[in-house]
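Given below, in the form of structure tokens, are the structures.
Next come two complexes, and both contain chain A; in the first it sits with chain B, in the second with chain C.
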Partner chain A sequence: MASLEEKVQRLLDIQEIRDLKTQYAMYCDDQYNPDGIASLFVEDAIWDGGMFGHYEGRAAIREFFAGASDTIEFALHLTVGDKIEVDPSGTTAKGSWYIIMPATFKGPQAMWCAGTYRDEYVKVDGKWYFQNVNANLDFVSPYEKGWVAEQYTDLE
Partner chain B sequence: MSIEDRIRTLEEIEAVRRVLAAVGATCDAPYDGAAFAGHFTEDGVMDLMEMGVYTGRAAIQEFIDGMRARVPFTMHYWDGYAIDVDGAEATATWYGFETPNLNGTAHLGGLTHDATLKKIEGCWMVTRLGQQLHFMTPYDKGWVRQRVTDQTA
Partner chain C sequence: MPSERTVEQRLQRLEDIAAVRQLKHTYAKLMDAGLCHENKAWPDDRFLALFADDAIWESNVHGRHEGREALRALFAGWAARITFAKHHTIAPSIDIAPSGAEASGHWYTWETITADGQPIWLAATYNDDFVKRDRRWLIKHVRSNIQFRSPYHQGWAAEAPLPQMGA
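On to the complex of A and B.
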């Protein structure tokens, strides 16, 4: 049976993880601010974005995002529908989210990107960080065509 | 209300959110009717207004599984929850945004939802799920030119 303090801490943990994801989305909207994004991940974190690549380690994640604006000039990361489960230890957690993202790809080309996230979080020195981010993309489609006519656009 | 009761209410609100998130995920393509219906009480009701009223787990599961053939792809963006918990009963309202493939055409859906839930043996179960469809429009037309496409045809 968790104590009152532990119960309050778990509620705070859920809210802090929501804040972590919101901060991630805001850094992504900020021209994929590489230092900001990297600061949200632990040293040995993994970011897997499917067609956008797989990166292991904070340095590799930072390097990827430093070049992301070469492909995606503008994006709004609308991240909703969280389902967050904090481990009874209070030091790890899992979360799932939906994302729908209006974006401008190099061209310029208006795009719709949509998918789900499966995240893992870890608490270090009282602060939550991403351990793993797994973005499963359901469509990356030109605005004019929509996601049925062209589910995934060619990034080349 | 004591501090213990207030904290318990916050915990239950979070628990209801997690259940509703799970319900939404199971009606994304490719649809899991059994998992979806499993969140309802045995006599639970799903009221989809113009799309019908389904009573009982078996009827709810059959409807959701039947969507697989008619709607090969969709995602349910559910958020904006307002949840009230009163002991072992809860009510919730929220917004939904959907991206289905209907009749081979990309669609956008705008909806609101409401639900009542009951806590049974430690688990929150849906006793009634409602849906109000505001638009379900072909993506290339928009909700003024064609507000609703029939999803059951």
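On to the complex of A and C.
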């Protein structure tokens, strides 16, 4: 049985991981602020966004996001429905989220995007960071066409 | 980072975070119910009681409104034009001050609205302040930064960007 101290700490960890995810969303919505986003990942982190690519290491993740605004002029990362499990060690955690993301791609073209995240987190010196982000997009569709006529737009 | 020493202090912070989240939920729910109601008597005292007497509501689109009577006038203006609204408030991130009597919170909101008979998408962020008075959390300052307010039939790429409010 976990002690009262441990139970309260787990709830605080869940809260801090939610705040981490929101901070990530806010940096993404701030023209994909590359330094801000990179500061939330540990050195050997992996970001995998399916059609948007696979990047290993904080430097590679930073470089990807530095160019993201060339394709995505504006986005709102609306992350919802979190489920966060903190490991009994209290130093690693897993999270699952939904995202619905209204966006404006180069054009300008209004887009509907939606998907799910599977994340892994690690606590270093009392602070939570992303170890892995796995974003699985269900659709990336032009606003006027919708997600049935064009489930995944051509990014070229 | 949590600065509390005792488990009671940490638990109190979690309870305060939950209370502030619930306050924002009540704000959205009472506003949507009021705006959707056929026989509008909104904003009513129940809704305005969510705010501190000296509360401020401001946005990059609506300007700044201070004091409960100014808020009443602002919201009455919305009620005259809006017949349907759903404020989907998303991803709360709440900081409780070390005093335990003040808090700040960030949310996203994604809104489906009918205004002047037209369907509208509205997206915004909230950066709000709260105060605890007589053991009850109240809204002190709402800062809404509206990213777009766009007709459904056009989408948000066709519209000119909205002005940005200073921090």
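Criterion: the second predicted complex is superposed on the first by the 156 of 156 C-alpha atoms of A that agree within 3 Å, B and C clash if a C-alpha of one lies under 4 Å from a C-alpha of the other, contacts with A are read in each partner's own complex, and residues count from 1 in each chain.
Just so it is clear, contacts are C-beta pairs under 8 Å (C-beta built on N, C-alpha and C of every residue); 3 or more make two chains touch, one makes a residue touch a chain.
Note that the coordinates shown come from a computational prediction; the quantities given were computed from them, not determined experimentally.
Chemist: Answer with clash or fit: chain B and chain C placed together on chain A by superposition.
Modeler: Fit - chain B and chain C, as placed by superposing on chain A, sit side by side.
Chemist: Using the superposition on chain A described above, determine whether A:126 touches chain B (first), chain C (second), both, or neither.
Modeler: Only chain C; A:126 stays clear of chain B.
Chemist: Tell me the contact category for A:51 with respect to chain B and chain C: first, second, both or neither.
Modeler: Neither: A:51 stays clear of chain B and chain C.
Chemist: Have a look at where A:80 lands relative to chain B and chain C in the superposition and call it first, second, both or neither.
Modeler: A:80: touches chain B and chain C.
Chemist: Which partner chains sit in contact with A:22 here, chain B, chain C, both or neither? Use first/second/both/neither.
Modeler: The answer is second: A:22 touches chain C but not chain B.
Chemist: May I ask you to decide whether A:108 touches chain B, chain C, both, or neither, giving the answer as first, second, both or neither?
Modeler: So A:108 only meets chain C here.
Chemist: In the superposed arrangement, does A:4 touch chain B (first), chain C (second), both or neither?
Modeler: A:4 sits against chain B and chain C alike.
Chemist: Where does A:59 make contact in the superposed view: on chain B (first), on chain C (second), on both, or on neither?
Modeler: neither
Chemist: If you take every C-alpha pair with one atom in chain B and one in chain C, what is the shortest distance in Å after superposing?
Modeler: Between chain B and chain C, the minimum C-alpha distance equals 7 Å.
Chemist: Where on chain A do chain B and chain C both make contact?
Modeler: The overlap between the chain B and chain C interfaces on chain A comprises residues 4, 8, 11, 80, 100.
Chemist: Applying the document's contact rule, which stretches of chain C touch chain A when the two form their complex?
Modeler: 1-2, 7, 10-11, 13-14, 17, 90-93, 106, 108, 110, 121, 123, 125, 147, 155-158
Chemist: Within their complex, state which residues of chain A touch chain B.
Modeler: Within the complex, chain A contacts chain B at residues 4, 7-8, 10-11, 14, 80-85, 96, 98, 100, 114, 116, 138-139, 141, 146-149.
Chemist: Using the touch definition from the top, list the residues of chain A that touch chain C in their complex.
Modeler: Checking each residue of chain A against chain C gives 4-5, 8-9, 11-12, 15, 18-19, 21-23, 25-26, 74, 76, 78-80, 100, 102, 104, 107-110, 126-127, 143-144.
Chemist: So in the complex, the part of chain B that touches chain A is made up of which residues?
Modeler: Residues 3-4, 7, 10-11, 14, 17-18, 21-22, 24-25, 73, 75-79, 97, 99, 101, 104-106, 139-140.
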